[in-house]
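Next up: the structures, one after another.
Two complexes follow with subunit A in common, the first pairing it with subunit B and the second with subunit C.
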Partner chain A sequence: MDRKNKDFSGASKNDLDFLQDNQNFYDFKNADDYEYKIKKGLSKEIVEEISKRKNEPDWLLQIRLKALETYFKLDLPQWGPDLSELDMDNISTYVKPKTESKSSWEDVPEDIKNTFTKLGIPKAEHQYLAGVGAQYDSEVVYHSIKEDMLKRGVIYTDIDTAVKEYPELVKEYFSKCVPLSEHKFISLHYAVFSGGSFVYVPKGVKLEMPLQSYFRLNSPESGQFEHTLIIVDEGASLHFIEGCSAPKYSKVNLHAGCVELFVKDNAEMKFSTIENWSKNMLNLNTKKAIVGNNAKLDWVSGSFGSKISMLYPMSILQGDNSSTEYVGISFAGSGQNLDTGFKVLHIGKNTTSNVVSKSISKSGGVATYRSIVNILPSAINAKCSVNCDGLMLDSISKSDTIPVNKIACNDITFSHEAKVGKISEEAIYYLMTRGLTEQDAKAVIVRGFASPISKSFPLEYAVEMNRLIDLELEEAKND
Partner chain B sequence: MIKINKSPVLTSQNYGINYFEIDEKLLNQKFDKFETYKIKNDQNVKVEALNKKISNPMSNELSIQSQNQANFQKQIVFENTSKDITNIKFDVSRPLVDVIDIVVKKDASAKLILEYSSNENMYHNGVLNLTLEKDAELDIVILYNMKNSSNNFVSINSNIDNNSQLNIFIIDFGCQNSVQRLENSLNGDYSVFSLNSIYFGSNTDNLGINYLSNVFGKSTQTYMNSICVLDGHAKKNFVGTIDFKQGSKKSVGDVSENCIMLSKTAKSLSTPILLCGEEDVDGKHSSSLGKIDEDELFYMMTRGISKQDAIKLLIKAKLSKLLNNIFDEQLREKIKERIEDKLNEHR
Partner chain C sequence: MKQLLSIKNLFVNVEDKEILKGLNFEVNAGETHVIMGPNGAGKSSLMNAIFGNPKYQKTNGQIVFNDVDITNAKPDEIAKLGVFMSFQNPVSVEGISVFNFIKTAKSKLTNSPINYFDLKDEIDKYVLQLDMREELSKRDLNVGFSGGEKKKAEILQMLCLNPKLAILDETDSGLDVDAIKVVSKGVEMFKNDQNAVLIITHSSRILEHLKVDKVHILLNGKIVKTGDASLVDFVEKNGYAGFEGEN
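Showing the complex of A and B:
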C-alpha cells in the first residue's frame, strides 16, 4: 500500500492534504473592526454600560451588579495553574461586531461570514444540523433553526433575544444551576456576560439532529463571556454541540463562559464540545447540569487549544435513577497547561456516573485530570466508575491526575482507576515492521488511545478531532 | 483551628481535602520525662541518644514541639545485618513527643517493630526518620493501638539510596484524631519502597492519612496499598501520591486504597494522586469503596453463618492477605486478635 495515501482517520485525501497545508487553520484573523468596544478594565460603570446597551430588564442588571461585588470579594483559586498573568485592566469585556443577529448568512457582513465559512459552519448546518448559532466576539451574529423544529415548539435563539421574548422562562432558570458566587470567574461571567444560546425543548420532543453553537473571538485583548442556557423538558431529547476558536495574539485573551443545563425527568441530553482556542487564551469556563428523575446527560469534551484551561463540567444527579457519562480528551502541547476534569454530585437513589478521561502531553505541555466525585447519604445504591489515562510523548511534559472522591453513603459501588505512561515501544516497533514511519506509528497509536472519545462524537466531528490530533502531532515533530 | 498535614498538591478548597484541621488547644500539653518504654535489640544495633534536631513537616506548630519539647529521642543504627527483630514498645501512659532517627548502613538489613499503645486517652506527636544507605534493607512494622479519645500525630520521613529496599507496614486502630504523614524519597536507582497499611475508624474518629513517594531514581518501584474499615460516625481523609520526577526512567508505581464502610454515617474522602514528569514510567492508582458484597454475604449466610459473623469473616479475609506481609508471627497473631475485638465492636 502506498503509505502516503493511506487514510488512518477516516478523513479523505483532501482532508489529509488540508492538514499538511494548513498548520494554522484556526489562526486567521480579521481586522479588529467593531461597532463598539468597551474600555478595558472592570467597574460598575462598565457593567452598567453593557446592560444599558442591551436594554436589559432591571432584574438582570441587579444580578450583574451583585456578581461584580462578589468578584471583587473572592480570591483567585489557590490551586491549579498560575493565573497571575491575567490582568483585567488589560481586557475589554464587551466587543460588539458591526452587525445585529441575522437569520440568513447572506445578511451577515462579508468578513464575518467568511470566518464562519472557513470554519465550515454553513456547510455543517446544511448537511446535518437542526439549527446553528454563531457568536463573533461578544454578540451572536447568526442564529437559525429549521422550520419543522419551530413547529414542534423548539426554541433556539440567542440569550439576549430570549430575555426579551421569553422573560419568564429565562428568569425561572437563569443562574439557578450555576450560582454567581461559586468561584471568582463565574462572578466575573455574570457581571459582564454577553451572547450565548438559549434552548428550550418542549415535553416529549426528541430532536434527531443536533443543534450547534460556534464561538469565535476575533478581537485582541478582549474576553468572551457567553451564557448558554438549555432546558430539555420532560421526556425530550437533545444533542447540543459547541465549538470554539480564536486567532492567536501576543497578549492574553480571556474566555469565561457559562453553560447551565436542566435535563428534566425522563429526558436525555448530550453536550459535545470541541474547543480549540488559540494558545494565548485563558479558558476559565464553567459548565453544570441538573439531571432529573430517570434522566440522562452525557458530556463529550475535546480540549486542544488555549494557553491555560480550567474546565470541570459538573453533573448534579438530583433525580432518582438519573445517570451521567463524561468522556473527555485533552491534548497539551508546548506552552499549554490544560487543567480539566469532571465533577459529579450524586443525590438521588440508584444514580449512575461513568467517567472516561484521556490526556496527552507533549513538547513541555502540562495535562492535569482533576475531578470530584461527591456521593451524599441520600444516594442509596449509587454507582460510580472513573477511568483516566495519561499518555506522555516526551520527558519534558507533565501529566498529573488529582481525583477527589468524597463518599458519605455505604450502600454504593465506587471505583477509580488511573494510569500514566508512554507509548509502548513494542507497539511502535510492530507498526514500523508493517512499513509505517515512527511518526506515523505514533500517530496511529495516539488516535487509538483517543478512539473511545472520538467514537462519542458524530462522525464529522470525530474527523475534526482526528485532524486536531494530527495537527498537534505534526507540531510536536517540528518542535 | 490550625491546618496540618497539607497535601502535596492543592486542589479545590471547598471539600476539606488539602489539610487536616485540629484545635490548637490540643497541642497545649505538659511533657514530663517519658520512661514507659522497652527496647529489645542485639549487638548489631546501636541505640543512642539523638543529638540533632529533626523537623516535623506535618506543621510548624508540631515541628516546634518536636524540636523543643521531645521527651523521647533516640538514634538507632543498624551497622550490620541483624538476625533478631528489634522491638520498641511504648506504653503511652503520659503525653509523648518522640523523635527517632533510624539509619541502616550500607549492605545491612534489619527488622524493626514499633508499638504504641495506651490505656488512657493520650497525646502523641511522633517523628520517625528512616535512612537506608546503599544496598540496605529495612522491614518495619508500626502499630498504633491508642485509646478512643487519644490524639495521635505521626510524621515519617524516609530516604532510600541505590539498590535498597524499605518495607513498611502500618496498622492504626484509630482514635479521636489520628493523623499520619509519610514522605518517602526514592533517591537511588533500583530502590524499592513498599507500604502496606490498615486503618480503622469508629465512633467519631477522624483519620488523616497522607502518603507521598517522590521518585528520583531510575528503575525504582513504589507500591502503596491501603485498606480502611470505617464504622460509626468516623471520618477518613486519605491522600496517596506518587510523584515521578523527571529522570526517574523505567520506574513503576502503584497506589491503591480500598475502603469498607460498615455504617451509613461514616464518611470517606480519598484522593489518590499521580504526578508524572517523566515519560518512561508506568504509574497506576486505584481507589474503591463500597459495602460488603451482597452475593458473598448471602452465600455465607446460606451456610448458616449469621450476618454479623459473615461480615467479620469477609473483612478478615480481605485483611489477612495484607497481614501475611508482617514478618513476625507473634505480632501478626496479636494484630489479628485486636482486629477481632475491633470488629466485635460493630453492631
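Showing the complex of A and C:
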C-alpha cells in the first residue's frame, strides 16, 4: 500500500511534535553598521535630506513637507495606549545600510544576507514564493521576482525604483488610499517614509504563488517607515505576505509603516502579515484597502511582540458585491499593550465583511480588540459578522473588546459576538493527566484557540505562528 | 504479586471541606478493582487526589505508585509513571484533533517521537473495535461529542497510551447497552497480568466481561468494606444502607 497517499486530516498544522524549548531566534543583532544614519529628531532639513538622498521628484518632496506640517499640527490619539514615551528627538528616521538593492543574494553583504538566511527568507523564496523583497533598516537590500512573473507583466520592486521607473502609476495611486492627514503617525510616515514594496498585477493575471516582503529593523534608536503600495488590476489575483522582526534594544524603536491596497473589479487579494517585533518597539502601523466591484480582499494578521501596537487594517468596500475578511491574532505578554482590530466601511450594495479576531494575554499583558464597522445608507443588503475572543492566561492580564458599530442602512444583516475568558484550569489538568507538562498543556490550548487563524496562513507560516506562540509561552514561564 | 498502588490514611479537602477521611487501599498488578459508593461519597475526589489535581488538597496520608511516592507529584509526572484516568466528565479542547492529541500524549509519555503511520493503524484498529465513528479521531478533542462518544474516546486514549494502572470513573454511565458491552470488551482487551484496572461504577454491567478481584465500598470518606465480586450484586439489591454502621 502506498502510505504516502493515506489520507489524514489536520495535516501537520496541528502537529505538536515541536512542543519543545524554543530559543528566541529572532533576537540576534548585527553591529549598527550603516552607510548613513540621519541625525535624530524631526525637522524640515531632515525630511529634505532624505528626499535629496533618494533623488526624488519634486511632487514627492512636496508630499513629505506637507505631511510634516500636518504631523506637527496633529495631536496624539486621545484613546488607546499611552504613547507619551515616544520622543521623536531620540529617533533617527533614516538609516541606509551599506548596500544598494540587489537582485541576487550573492551580492548582498554577508551580515545582512545572514540575517535573512536565519529568518528563512531565501529558502522560502526558493520553495514557494513568486518573488521576494527584503528591507534592512530604511532601505530595500534585495528584490527579486521569478522570470515568468515578469513575462506576465507583474511589477514587484521597491518604492524608490517604482517612483523612477513607473512614475505615472505611482503618482496615480500613492497616498490615494491612505490620506496624509488621517492621523498623526501617518503624517509622520509620509514625511520620512523609506523603502517598502510596489506591486502591480496586470488585468487578468492570477499569481499562483505568493510574493513576500520582509522588513528587518536592526539599528537601535531608529524608525522604520516602509510604504507598501499594491495594485491588483481587474480580474487579477495576488497573495502578498509581509513579515517583520527586530532584535531587542533597551531604548524605544518606532515602526510606522503604511500599506495601501487597490483591489480592482473582479480581483482577489490576500494580505498576510506575521510580525514579531522586539519588545522595545512602538508599532504604529496603518493599512488600508479599496475594494472594487465583485472584488475580494482578505487580511490575515498575526501580531506578536512590540511594546505597544496600534494596528487596525481597514477595508473600504466601495464596489457592489465586494467582500472582505479579517482574521487576526495578537499575543500580549508582560509589559505589552497590543491594541489591534479592524475597520470596515460598507459603501457598495451586497457587500460582505467577516471578522474573526483572537487575542491572548499573559503575565500582565493587555490585548484589546478595537473595531469600527461603518455601514452607509448606500450599502443595501450588506452583511457583516464579527466574532472576537479573548483568552487570558492568568488573572493579572487583560483582554478587552471595544467595538463601534455605525449602521445607517436598515436593509442589512449584522452580528457581533465577543467572548473574553480565562484559560480553563480544568482543561490544563485534563491534558496534564495525559502526560503533558503544564507548559505543554497551555501551549495545546492556546494553539487550539489560535487555530482558526493559523489555518488561514500557508503551512510554513502557520508553523512559524505556532512557534511564536510557544515562544511567548516560554517567556511567560520566565517572567 | 507486585504492588502497584498503595493509599495510606488519606485525608483530602476540597474547598476546605473534608471529603476523604483516612482512606486506605491497595491495588496489585494483574488485578481488577471496583469502587462503589453513593453519589457524593468522594469517589471522583479520590481519583483526582490520586492524580494530583491541585483543587484536592491532601492534608494527611501517602500515595505510592510502583514504589514512587506520588503524594505531592504533578499530574503529568503521575501520568509518566503509567497512571491513566478516564474522566467522568471529559473536557473539550478546541483546535487539536483526537489523533494529534494522542500522538502528542504518547510522545510525551514515551519521551520519543511517534511514527505517524503506526499510530494511525493502531487508532484505526481500536476505533473499529470500540464501534466508534471513524471520523471521530479527526475531530477536535471531545468538542461536540455526545456523552457516549466522549466515554469511548477516553477508552480509545487508554488503549493507545497503555498505562500500568487505568482508573475508569463511571465510564459506563451514559452508555447504551451495546456500548457498555463494547467498552467492557475493550477493558478486557487491555487487561493483562502486568497492569491493573480500578473501576468506579454504579452498576454491574461493565463488569460482565471482567474478572473482578476486589470490590470496595466508599462511604463517609473511607473504604468501609472490601469484598469479592459478589459485593456488587449485594449493593445493586440492597443499596448502601447496610454499610452505614461499618468502619
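Note that in this section the second predicted complex is superposed on the first by the 457 of 479 C-alpha atoms of A that agree within 3 Å, B and C clash if a C-alpha of one lies under 4 Å from a C-alpha of the other, contacts with A are read in each partner's own complex, and residues count from 1 in each chain.
In this section, a residue touches a chain if its C-beta (ideal position, glycine included) is under 8 Å from a C-beta of that chain, and two chains touch if they have at least 3 such contacts.
Just so it is clear, the model here is predicted, and its values are computed rather than measured.
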- [ ] For A:Asp440, select first, second, both or neither according to whether it touches subunit B, subunit C, the two together, or no partner.
- [x] second
TODO: Determine, under the contact definition given at the top, whether A:Ala450 touches first (subunit B), second (subunit C), both, or neither.
DONE: second
TODO: Have a look at where A:Thr157 lands relative to subunit B and subunit C in the superposition and call it first, second, both or neither.
DONE: neither
TODO: Determine, under the contact definition given at the top, whether A:Met432 touches first (subunit B), second (subunit C), both, or neither.
DONE: second
Open item on the list: Quick check on the superposed pair: does A:Glu417 touch subunit B, subunit C, both, or neither? Answer first, second, both or neither.
Closed with: first
- [ ] Classify the contacts of A:Leu393 with the two partner chains as first (subunit B alone), second (subunit C alone), both, or neither.
- [x] first
Open item on the list: On subunit A, which stretch or stretches are contacted by subunit B in one complex as well as by subunit C in the other?
Closed with: none
TODO: Using the touch definition up top, name the residues of subunit A that touch subunit B in the complex.
DONE: 77-80, 370, 372, 374, 377, 390, 392-422
- [ ] State the interface residues of subunit C toward subunit A in the complex, per the touch definition above.
- [x] 51, 53-55, 74-76, 78-80, 84-85, 87, 90-97, 99-101, 103-105, 107-109, 113, 116-117, 120, 138, 140, 157, 161
Task: Complex interface listing, subunit A residues touching subunit C - done: 3, 6, 8-10, 14-17, 19, 424-427, 429-438, 440-441, 444-445, 447-452
Open item on the list: Considering only the defined contacts, which subunit B positions touch subunit A in the complex?
Closed with: 9-13, 15, 17-18, 244, 246-247, 249, 259, 261-291
